[in-house]
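Written out below as structure tokens is the structure these notes cover.
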């Protein structure tokens, strides 16, 4: 049975502040056995990275399997038990929601937890409790998976985060001056940049990344309805000086600052998996080590791995998480 | 009516030397009106760039339309007349065939001209002659479009090449020492590199591009059945010295060396369009200027444009070629 | 009269902790008129950037004047009044002292203020009070000039800082993960790296800069005699986690945090000049804007300029500071 | 006895076409024993790289010895016999002369061979025949050393070339499109670029290197008095198309094309040494391998070494050549 791409009409995302669609297409991978039997299946929710979304996980490329192809292969070779894989779409006009609620971007956390999860349980033959549910992802998706698992241990029973955004001091802050350099071309005015952004014939130019990523994160971590753009930048757009109050709001969402507070939730999880490449261009291996260190000190069972690679094109690591999640989901 | 993805079983590609599949999936975009009427449509064949293939043109991304979405929009706004768009798959184990016949890679030119074209005419309500057919593409696809149009003016009546491979002296040769640097890690032995290549967990690392692109081009331009790998490298793999006889075989396939010989064919075309960004990372704007200069001197009608951008993420230029091709295809 | 290169035997630097020489060669530029008259001259002390030192300011290069050549030309064309220019040597084994006292690197501030200044006044016909003395420099030298002028307004009467180290959050912190990446090759052990450092056949490789610069700054800003290397790194060498207490010690030396406290001293200066390129690779234009903003709010007269360039090869900016300093030094 | 810096007034360089000075300062290193004895010494002539010149070899830097310091150390430790080291200045307005005669740049080969050599023999107690003379250099200086030794075996008896310009197809040609990109900012007109060049406040910007290096080489390899600038570019400045006749003039000066013709001369040399880093940014290791291969096939004794480094900051390799040259010069 092929992957089905469902159309989901979200009440929560309707009228979201960035004008993003509230109707989203959600691919759902169903294992081969799904069509022919009556049994129920565990569900893995797979969150995309920055600028990603569910359907893009079905994109074909010369050298990389799609998520369904990967799951099929791992299933065929007996390494992964049958599971449903749900691929949400939480993309925004700025490139991503971090799977959080924000007055600037929309209520994506609510959408995920309060809309998608129940809908999946209604729509498919799932194991409809936390033990049967895992959440995973890479990069911003790894961030989302980790944070959502901590915040909703009643919903998710296992988590795997690959190269997830962690230790914002190293993964975001070094981009601030680069963002400032770009904003300077727009008179240091983020509104003006965003108007230009919407009209750019292409948005893939590498020099744009630091700027749009910083802006997207500001919309997620420091929304402020009393501003024209709906969020506070963590720095003065002319001098670049950090705004400590805004920056602290960001840091409050940094996984390295969330673990201790959510220790009880994390302890309830069947699997806590995190990994990162030792040459990650965003230096995420350091955040992962800090998180792993905290888990260890808090005596929370977890698997922490490093591998010799950078941040990009590391989907082959899903082979590892799919297998581990599959075992965790199979446990009674 | 949605884009249909057809499965095509190629006789010509069966048993190809690189072990690539002979069954390919070919997306065919059909305009909205196709389903309801009985009229015949012109056909645009759209060739992918290096590491690309037809289905990848349907890949979704945050900021870029798919080819069908683009055609739909241009049709809706009246800028482009209805046309069928065929998206072949000529991908190989090394990343691409340049749409040529090669004893090292396979007979992709024959596949395109002798299999796909007739099949499209049989399978769909096409205008089954050169005047109703256009060929276009970007990068290696722009190369393929240009070369195929020159070689088969009886098949294709119009051509549009975006940022196509031209003037190999600037677009390929500077990669040779980089390829040598990489081969050095494999003892300067291309067989050893290719064995490693097949097993690499990821093939997207930027340092690999110069090497695999050079190898892929060698398989296309200088095949040699009497060698273990099936092709000659254009240089000594240890000293890097150019092998003039091999390099000349490459140059024989350089568009700047093909135009004069194919002037008659080019003159028959309804549209000859080529463009390139003025900051192309592979310096292809220079090749395009040389080709345009030759066309001008040979008094061959053509459109040559430059735009302020690089090589990547410039699909927005299809808006230009789709519109021009559409007009050319509509001519009597 | 040519520049004289004096040999200075420092008591203060004798037995310094890094084993650097206590005998230093100090070029002193004397204007043409010095030899023939009996008048006294103002003194500009020019501090070198990281890895620099006085004699290196005499280095010849194809396109750039030496400091004496520049002063001669500005003098000849009447733009700069005659002045003595002293070029101290405060280089250390790690690349620089930031012109501070440190138990890890040596007492370079004392050397500058308590040894060099009196020696210059004894040795040459100077105007031996603050009004006749200026301090200037670029990069780390701009830092040193600015900090020394704030701390010793009784010694220096004018200051010019070009592209000076400011706002450590942008100019140093983004290097920390790069330093960590390099330390990882040495098991995350700074002692082991430093042993390798001393033996490296070349130390100019660009990948080394972030590491040695971070280490040199730690020796300046967070010395700690109770550690094997004599200083604290501002982060855990394995996880990279910032050590807030150490980082705060660094920040206490950041010019953006020194201005308010030294407002009275700064107000006494005849000239406060700072500039920076708008494309500075270390993002120092932002720190300069913060400092200029504070000076403005504190109503401290100053000149703040920006220019369209990066951090390197901007000695042509000395033309600007030499002229302004010259005027300030001439004032009664 | 210290290095003396002699002022040399060249008749040959007087009125040179680029307006460069005909009076040059030539550092001459004299070994410690020179002052006290009456013996004669062998002479090593050390040629600078692009943008370099004799006096710059005396420049002080934090981590690298000057040439005299290096020679002193090698002498002190008994690894190198006493020798005079002459450091010519063949710099031009464009960065270098390649030590050739050119109607566009000046007669630097003649200056070297017909002026400097006899003057050194007159001025110092030298061993005034080829056996007592060695020529060496790095990069463009390595090129110059190699070419001069081949062309004047009656003058030079030994040669050492470090990372010398060789195989122009890899070391220069890949810069042509980069040069074209820069020329495009000046309307594709080299005269206009050169006028801007003379006025640039700084000339060290890395994006300039490909352009000025290409222009300098054109002035050396393809002078043409019938052009406004005095030389032919090897490509059309708008389309970039190689001009085969001009390019062949360049290739005629490529060491890989000179060895066979000068085999007899090379065979007369006491030492032929060449080396290159295996990560040379200009890919010069490949040219060195080609040259070494030819020497081997021609049965010309030589030493060819490779080392694990790039092109920059590799003066430590002089330790190797100084020692080998020293032995060759000592032979009877």
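Letters A, B, C and D mark the chains in the order given here, with residues in each chain numbered from 1 onward.
To be clear about the criterion, contacts are C-beta pairs under 8 Å (C-beta built on N, C-alpha and C of every residue); 3 or more make two chains touch, one makes a residue touch a chain.
Please read these numbers as outputs of a predicted model, since none were measured by experiment.
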Q) How many hops, at fewest, get you from subunit B to subunit D via touching chains? A) 1
Q) Where the centres are mean C-alpha positions, what is the separation of subunit A from subunit B, in Å? A) 35
Q: Round to the nearest whole Å and give the separation of the Cα centres of subunit B and subunit C.
A: 56
Q: Would you please name all pairs of chains that touch?
A: A-B, A-C, B-D, C-D
Q) Residues of subunit C touching subunit D in their complex? A) 51-53, 55-56, 58-64, 91, 95, 201-205, 309-310, 312-316
Q. Of all residues in subunit D, which touch subunit B in the complex?
A. 167, 169-170, 173-174, 176-177, 180-181, 184, 238-242, 256, 278-279, 283, 286, 289-290, 293
